[in-house]
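Paired with subunit B in one complex and with subunit C in the other, subunit A is shared by the two complexes that follow.
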Partner chain A sequence: MNETGLRELSEKLIGTEIKAELLRLFHMNPGILDTVESIARRIGRLPKDVDPEISTLVELGVLRRERFGELDVVSLNVSKDREVQKKLIALIEGGVKE
Partner chain B sequence: MRAPTGISELDAMLHGGLMRGDATLVVGSAGTGKTTLALQYLINGATKFNENGLYVTFEQMPAQIYRDAANFGWDIRKLEAEGKLRVVCTSPPVLAQFVESRNPIDPIIAEINAKRIVIDSISHLESFIPASELRGELYRLVSHLKMKELTSVFTAESHEVFGDHLVVTGVGLSFLVDCIILLRIVEVQSSLKKALTVLKIRGSDHDKQLREFEITSQGIKIGVPFKDLEGVLTGTPRRTTEERFAEAFLKAAGKGK
Partner chain C sequence: MGKDLEVRLNPRYAPVLSAQLASEVELRLLDNEKAEAFGSFFLQCFENTVSQILGEGAKTSLLECLEKHKGLKRDEMAIQVDVLRRCLKEIFGEAAIVLERMVAKQIYRRLDLDTPPEDFGVAVEQAEQAYMNATPNLLVSR
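Entry: the complex of A and B
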């Protein structure tokens, strides 16, 4: 159960290179409040590749996407991110115990 | 009512600090210390004057700002954790976005009860907002921050490193702000030095001298005014007439002996 949970969560979180880059970007720069286009530029990727990855992280609750006028503004959901990190740690520790 | 920068010599030049609730433009070419001055204003606000601050950056990533600030002994991450300071990295279209008179940074201003804000740099807005709309958008932003009673500092890049043709900004922002601080690199006796002057403060007198400054391990340190030189702002100062006369007199006196 723990192993499956860990695999699913880690797959959702860092299953692709772009997701890992996004998490690294937001963890190092928690004050980012920006558009998908600009975030894509900041990690040297194209918006069309970054957009679906951001959507997955939004579904997980790690990122927040808010419509502001004509723009979608993305930011880190700090409390939810901490929660997910704790969950991940618990799963890893659970896996080690087994 | 003043908002001291915490840089004692600058506060003396400003006759006590920036006027509370006003907008200030810090203009200078690349490498003159605009970001350092702006950060120091926020750090001092949070640590010495109980005024929380928000730093808005467009191009520079927060991680780089944390690192550069640490070189001056400023722990921004700690101040962020304490809710005294916040670094926001965004792009000009986001900052220029107003919906029902709300701006995307408004919740952060409210969350930390910010009294000071730095926008670094306004020059980036020029690349994203059509020239015909730029002045109006800047006016809206400056006014929005004033209505929130924030004492704001905008940085702007001046493209002229040297020379006697000085354009403060290309969009007439100088008319929208209440105070202008100019940073310049000047050549004095074959050495490059940094110079600072207060060009204007609306509604207040100020020191009009041009002073040398350095970026030290503790931040900006302002020294004495440039003496016996004129034309320093052009980047190529020359000795004053009095100084040249005195030297010629001494030379002549020496020949006469």
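Entry: the complex of A and C
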């Protein structure tokens, strides 16, 4: 198993409870397209706490931020999310070297 | 002859003793069944949490990895929480704590309990106790 790669990816993906809650929210509702404030409300957190965690997941590519008129909205990047999941599976199974 | 010994030896008391014994045996069987039921409940919460957060594929790979490489069978997770924790730490590093926390929260939410304690082992122990006390006997399949 490529432990370093797996741990790094795990840390980026679910290094905090908020990130894990965001992933669960978007995986269970892949069609969500919402503002940071609404997403924070959905998971019962404060926008100021959720915003930086969303940024990390956007950097990783799992989530995307887009501008819709006056609003900044966040959604799941389904294809990238699948890619990351595949990478995670491969790392757990020990087939991928970073 | 002491009263206790008389009770034990006198056939007059046999039906009473048998009923008491049967009731004790039945209670122990029920406890075992409840413990098994908690094991299934724990596994269900663990699997749900992992698949909801990391995806169904990652959940399957993780369970296979735990069984194949770490020797931890699915139906033993609830009784080998320390082993499970060690394995998760080996696999996910510090992020394992987040997974544990999310699993504990799901267990507590489903059992209608308050916030779980920080320590996952303690949280599971308390949840099992609550489950054993709360599950009506009739709900345990016989």
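Criterion: the second predicted complex is superposed on the first by the 93 of 98 C-alpha atoms of A that agree within 3 Å, B and C clash if a C-alpha of one lies under 4 Å from a C-alpha of the other, contacts with A are read in each partner's own complex, and residues count from 1 in each chain.
The rule is short, and it goes like this: a contact is a pair of C-beta atoms (placed from the backbone, for glycine too) under 8 Å apart; a residue touches a chain by one contact, two chains touch by 3 or more.
Being a predicted model, the structure only gives us computed values, none of them experimental.
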Checklist line | Superposition on subunit A - do subunit B and subunit C clash or fit | finding: fit
Check: Once the shared chain is lined up, is A:Met28 touching subunit B (first), subunit C (second), both, or neither of them?
Finding: both
Note to self: In this superposition, which partner touches a larger number of subunit A residues, subunit B or subunit C?
What the structure shows: C
Note to self: Contacts for A:Glu59 in the overlay, against subunit B (first) and subunit C (second): which applies, first, second, both or neither?
What the structure shows: neither
Check: Touching A:Ile92 in the superposition: subunit B (first), subunit C (second), both, neither?
Finding: second
Check: Angle at subunit A between subunit B and subunit C: what is it in degrees to the nearest 10, using CA centres?
Finding: 90
Next item on the list: Quick one: classify A:Glu83 as touching subunit B (first), subunit C (second), both or neither.
Entry: neither
Check: A:Leu13 contacts which: subunit B (first), subunit C (second), both, neither?
Finding: second
Next item on the list: With the two complexes superposed on chain A, say which partner A:Asp49 touches: subunit B (first), subunit C (second), both, or neither.
Entry: neither
Next item on the list: Would you give the minimum C-alpha distance from subunit B to subunit C, in Å, for the three-chain superposition?
Entry: 11
Check: Hey, what residues of subunit A end up touching subunit B and subunit C alike?
Finding: 28
Item checked: Partner subunit B, residues of subunit A touching it in the complex -> 28-35, 38, 42, 68-71, 73
Checklist line | Touching residues (chain side subunit A, partner subunit C) in the complex | finding: 1, 3, 6-7, 10-11, 13-17, 19-21, 23-24, 27-28, 85-86, 88-89, 92-93
Notebook entry, point to check: Residues of subunit C touching subunit A in their complex?
Noted result: 49, 52-55, 57-58, 61-62, 64-65, 69, 90-96, 98-99, 101-102
Next item on the list: Flag every residue of subunit B that touches subunit A in the complex, lowest number first.
Entry: 61-63, 80, 86-91, 93-94, 97-99, 104-105, 108
